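Below you'll find the structures, each written out as structure tokens.
Look at the two complexes coming up: subunit A is in both, with subunit B in one and subunit C in the other.
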Partner chain A sequence: MGQLIAGSLRGQRFGPQNLVLGLAILVLLVLVAYPMLWLILGAFGVPQDLTLDNFQRAFTRAQNYSALANTLQLGFGTGLLSMAFGVSLAWAVARSDMPGRQIIHLLVALSYITPPYLTALAYIILLGPDAGLINRLLRDVFGFSLGPLNIFSMNGVIFVISIHVFAFTYFLTHSALKSIDASLEESAQMLGARRWQTTLRINLPLVAPAITGGVLLSVIDSLALFGPQAIIGMPAQIVFLPTRIYATISSYPPRWGEASALSLVLVAMTVIGLGLQRFFLERRSYVTIGGKGVRSQTIRLGGWRWALLAVCALVVAMSAAAPIGVLTLTAFSKDWIAPLSLSNLTLAHFGTALFSDQVAARGIYNSFRLAAGAAFVAMAVGASIAYLDLRTNLRGRNVLDYLAMLPLGLPGTVMAVGVLLAFIRLPIGVYGTIWILLIAYSARFIPLATRSVSATLRQIDASLEEAGRITGSSWLQSMRRIVVPMARPGLLVAFLLVFIPAFSELSATILLYTGGTETIAIAIYRLNDLGQIEVVCALAVFTIAVVLALSAMVHFLSRDRTAPSEGVG
Partner chain B sequence: MAFIDIDGIGKTFGAFQALTDIQLSIEACEFVTFLGPSGCGKTTMLRTIAGFITPDAGTITVEGRVLSQPGAALPPELRQMGMVFQNYAIWPHMSVFENVAFGLRIAHVADAEIKSRVARILEAVGLEGLARRHPGQLSGGQQQRVALARSLVVEPKILLLDEPLSNLDAKLRERMRVELKTLQRRTGITFIYVTHDQAEAMALSDRIVVFNQGRMQQQGSPRDIYEQPANLFVADFMGLVNRVSGEWCGPAQVRIGAHVLDVTSAAAIRIGAVTVAIRPEALLPVTTALEGQNLIEGVVRESVFLGNIVDLCVDIGGVELHVQADRWCTLAAGDPVRLAVEPAECVVMKNE
Partner chain C sequence: MRITRRFTIITATAWSANAAIARAAGAETGPENTAQIDIARAKAEGRVVIYTSLDTQLVDTIIAPFRERYGIEVTYFRAGSAEVTGKVLAEADAGRSQADMVDASDLAALLLMKERGLLRPFESAARALLPASQRDPDSTWIVDRLTQGVLQYNVAEFGAAPPQHWADLGRAGMAGRVSFWSASSGDGAPRIITLAQHLGWDVVKSIARTKPLRTVSPQTMAQIIERRERGVGLLQNDNVAWRSKLQGKGTDFLFPSEGVPSEFGACGLLKTSTRPHAAALFHEWWMSAEGQAVLSKGGKYSPRTDVAPPENSLPITKMKLLEQDYTTYKRDRAKILDQMADVFGGEWGN
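Right after this comes the complex of A and B.
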């Protein structure tokens, strides 16, 4: 027998592959598992105590109880509205011959891309009880003495959140409708079914799981949207779980245990929702069997298509055109109360927002570097986890994958509580610095990067990397020369997918920032409190422009992502 | 000691036993083919040799150096082997030249030498003039050649090929078969080749190793394996075969219905029920049998003219035999027929 090879194996154990991937696992544990652990421990009173008091308080203290009730009401309301908006628009765009379908589709995407707290701000300008533009118009025309509409109400919150989250219902329903092959309907028609019978007996059962799944996703997202809940709910004294958690921690002294317990309640609601959503979407699988070459039937509406267009246009006008329009208009107005005229236009607010206002300028700078940092960390960790999951046989790799997806079920507020609890007592002193924001952002958006890189990696056959190995290159060389160059567009998409939400993040930031580490969202939030509406709008326009440009880039990159590998075995 | 020694290799994936006790020696310059149905573990064995899979049992030794043992495997890049993947695995972000030059660049070969070596190998595989192309602009056959050039340019001692021809159309497959064989003879590289196509295996190999369900069934020259299959699986897999139930009725005789056949067998115990395997082309319609041949009488049930052969279905009293006669055979359904068959063509196997 020849010499044994144990020596070279030992070299492998500490080789670059294990170092790189091990580091990623460590970062994932520190960023996600460690804060979650503290969140749970904190809810039970650790380290001072071990008790269930916090849970008791979470359900019995009047403010907590009403927050819980309000949150449920919010979820119910947004669910109904999302279904109404999402399904009707999806049907109109996917199946009818309504004119302007592409534009409606784009505007729905736009309402989703716009950060929801900016939509909320826009609606304060539009529907504020005294000075709201629409209210003033209604008063002028109909002679009401006050109001008549008031955004600062439960219905107001439900409305503003719905016109953001209905996009989930829309997109899932739209893709389900698109994936029903016309032959399924034609078969029913050949058997004598009428149009409405086909819709009811064939289409509806096929897309019902997608609709349910989409509505659930809308509801889950609505529960977590701190921005509108705070910006509209707080002045109206309507408290929801995220704003209640915020209040509990901002009180003096902060009631950590109670906040953790409330967070767990919110997580439980989210997790139940996600579980249900998964259950419904798995039943949807038979819709997608049709695959790519699906030909879908278009329904001719005759004159009715204009009526349908009017309805769809109204919805997207409310969700995208009006809010973005009014923010833009206000940003360029000397005084937002004054009537629209050429003499009232100015660029001064942009000067203030981008350069002279200390907080705003610092916010922009911080948001850029935090978003870039978090995007890089999330992309690196996400890529490593996706690689571990798809290309190695490491035991427990699915646990890691699950851990990387976990933050999807964690509202930003909850993530922030976990991160605070976990890092406030570490001697490394990240609390009160920009690092704690980087930690929270990276943790929060790791799932987006992981999912995206995973999709990219699935398109790169493992044999391409193995061909590099057998041709003599080490793991690191194969990564550098083969996998990374091929995955580059996908990695860039992952980077952007994290950068975009991180750039305008509010719900975790609000709990974690301090003087000096304000972000753009904090600047907007605080200037709004100070009543500097025009500067707020200038910042808002800037934010939307950045987010929109990057989203367009993602769209562009994703579209021809498959191009380079075309024609390969 | 042989060039490559595969000694007792076993591999499980979870609860699934993918390879069991693979025992094989391969000589230098040999062309060895792993043959078996899909899912039988051929690729797993090949990837274990390449170092992508660490075995659970057994060792792989090349030139006296242990490369794989349970729980430890020398990484692929240090094995100095080449591999051609089933999907070619051409890197789409590199030109043909860069694909082929990759291994040389990794080995820090000087630029000028890279240029000449790549040019030489591209010519050898018939790709001269395509160096600047990108993989997307190549046909399947050309990609195949790039994959070959890429693994050959670093002059490996062993080349592993995993179903390299399975993605090509039938005509091109035939041509590439010939080229592969020529290439192997000319370079003297040891080829370990995986396929599920028995015709391909026979055309190419010095030695065929038949796999089934993770176990080696038989190894030998194409002729051995075809003519003397070790079991019913191998007999079936290597081509059409009549499987006839019978019973030992003498030291070298088996009774099939009313007929008694002289047979060959490796079996030590010659009593009880057995199966006799007879290839359809070994059954010859005759008028008189030669000395020593078995003679079987029957009636033609069906006769189909296929061009190069005539396919007969012959009833020999309750049992139907598939016979491939030459194309001058004019027997029709209902005709009586006598079939002659050499005892060596009647291979007796245990019932399974």
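Right after this comes the complex of A and C.
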């Protein structure tokens, strides 16, 4: 399959397909390889020097050690909590007869799509050590002299990040649990195994790779999340690698070399994590016995299902309902410190956020156009890479695929350092414009688009395209009339999958924006610095509403896309 | 057309050289004083880019009438002083300067920019109205605002007996009740070091021992005190404390009798500006009595002797001010930030 297409690509040296695909490769090299090259060169002191001093500084300064140790501690903590939350909820939803499973599933998805810096802001309102709403309640009810919970601590950072990233563990484990055929468990039980023995000896080994993969993905994501690390870590006086990199550049004089060297440390950590994650998930291949037609066993819990529901409800209340609720409440309050009452409600902050405040209004406009631009570029490049990988025998296509996946291991802050170093010196007008943000966003989210389009292309048989070519269509015609129309829903999903995170991106933007190119995330971050919490919350509610609407669209399109094939299969 | 490698290299080299020459030519000398500003040319230049550490609400209020009067667009990048300075220096190092004018609440930053040859001499009409210590003899910078670090407190927490002196914040009973601010780039350091230099390190260290809650900006510190997360704020911006009190947020502030650090904010024009007339015109609007009155209405003290202090505020001459040594701060900044990290912990950009 695909040999005809591969052959024709080789035969036509200067055909339009080569031009399109060559352009995609060029864009990929400029967006990903060039900034990464500069990140490495920057760590060695280029262009001013060629030295190892930056590495020496990165590895000998106490501040950097402390940032590294805190980052590792954060990764360990979020890994543990993600496992606790993710596995228990996945089991409850996938295997038990607990009521409200669908709602719990949706709320986990909601906690994942809510930008984590908004969750961090919400938890400052909820768990500020003395004046946080929950601490006030606990003080009133139990008579504590001081609030017993302190968000401004390492545990606070771990908690806030965990309730965002545990979704990785949840979804992977949920999917693995759903794919275990009930006949395996029934066989074990027929051979006399008890329920706990079946769980330990059958279920756990089968889902262990998925759990490990999910936990590692949670850990990797937690290492890179600049927002909560800065918003909560800063008052807690805890420094992490991404916030350290940011401070190294944003202070004066900026120390680019040290920031690059520290970035490489962070890259090494995430690449090791991704390698491990891939290793564990690949081991999953022997797990899925059936694929289609798998019948999973539902475990009946009797009265215990209500207790389990209470536990799951508590987790999703903490991860989604409470933070979104408190942000909404604050956005509609005249005075957020005053008690809740009808006379304290207002729409004024939305007016300020959406229309009056120049930075916020500009941020909304820029976020929409940047997210759309990045989604288009990432989708186009991703589609080309996926096409090359699946439909051609081009030498080195695996390298391109790896290159397209490389940004997965690059935290936004690191990507921004590379992009800045690469483009600040170029005589073309990229630095200081919206284009530099477009470059960073496109590069960051190319892996999402590539994987999504790749999944779509796998569903379209290459013989359809071959048939078109045999009947005389050119490559462009067969693309336009056969491949693109069939892949359109999948391409739209890829577009939205990039648009959603790009719309609220903060980690890279914080280092790359300038006057006039502020985004909604920057407006939120900077207005929060300026103490305009009600306006910040109005912007947060707007952001969550946009992200939620788009996610619902992705869900709808994905369901629409898979429905016919399920019917056929 | 066959594109050879040689053709590509020659074209790229010529294009780069052309761009560099165009940039160099664009950065013309510009007016040297107010009288030389050509308003028609300023309007033709059409736009000014400023990098500032001033609150966006104040910046927007100053910009609006300027834009209306001259039809010149003003774009700004707003961040903390250190971040603004870092951006100016990074762009200058890369030869990609974007700003026409810079304003920072840390005079040491302007001194560093002057030392690096980034600022263009410009004799403002406001010079005559400022004391000599608040303007550069070479006219590369001029002080545009004075910010005092005051003691802000929550009225409900302290009633009629708030702490009166800086040393009071270091008492045992204050553990867990004090807040201070500094961005991760070390913006809060100049006023803390001034306090330490004038009153001794013991005072500062005793306050650090109360485990004060750190916030990233004066505004977020005000929030913390308003909602009583902490009861008292160390070295709060007087304009922020003034506004919080004016808005009835349950806070008040005082000037300890041993003195308050006074911080000079300053502005200057960038040598690399490609819009020198528009930039100079805006600079003069910023420093004019009208422009400075906007700052005063927002609670800031103007260095101009003909602009009144903020409403219901002490005249600056009635305060005991602890002066900062900007030259020393510029020279020893890295060492001072290390000291801050040792005493308070956390990130200081060092």
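Note that the second predicted complex is superposed on the first by the 548 of 569 C-alpha atoms of A that agree within 3 Å, B and C clash if a C-alpha of one lies under 4 Å from a C-alpha of the other, contacts with A are read in each partner's own complex, and residues count from 1 in each chain.
The rule we apply is simple: a residue touches a chain if its C-beta (ideal position, glycine included) is under 8 Å from a C-beta of that chain, and two chains touch if they have at least 3 such contacts.
Quick caveat, the model's predicted, so the values are computed rather than measured.
Judged by the touch definition given at the top, the superposed model places A:Asn528 against subunit C, while subunit B stays out of reach. In the superposition on chain A, A:Pro339 contacts neither subunit B nor subunit C. When the two structures are aligned on the shared chain, A:Pro205 is found in touch with neither subunit B nor subunit C. When both complexes are overlaid on chain A, the residue A:Ser463 reaches subunit B alone and has no touch with subunit C. Contact with subunit C, but none with subunit B, is seen for A:Ile249 once the two complexes are overlaid on the shared chain. When the shared chain is aligned, subunit B comes close enough to touch A:Ser473, but subunit C does not. Judged by the number of subunit A residues each one touches, C leads among subunit B and subunit C.
In the superposition on chain A, contact of A:Pro485 is made with subunit B only, not with subunit C.
Residue contacts after overlaying the shared chain place A:Gly303 against neither subunit B nor subunit C. On the subunit A side of its complex with subunit C, the touching residues are 63, 128-132, 146, 152, 230, 234-235, 237-239, 243-244, 246-254, 256, 337, 357-359, 424-425, 427-428, 431-432, 514-516, 526-533.
Against subunit A, the residues of subunit C that register as touching in their complex are 15-16, 19-20, 49-51, 55-57, 60, 75-80, 82-83, 85-87, 89-91, 94-96, 98, 109, 112, 176, 183-186, 213-217, 219-220, 222-224, 226-230, 240, 249, 333, 337, 341, 344-350. The touching residues of subunit A, when paired with subunit B in their complex, are 1-6, 8-9, 12, 461, 463-464, 466-475, 477, 481-482, 485-486, 564-569. On the side of subunit B, the complex with subunit A involves touching residues 50-52, 59, 61, 63-69, 71-83, 85-93, 102-103, 106-107, 135-138, 140, 143, 147, 150-151, 154, 160, 167.
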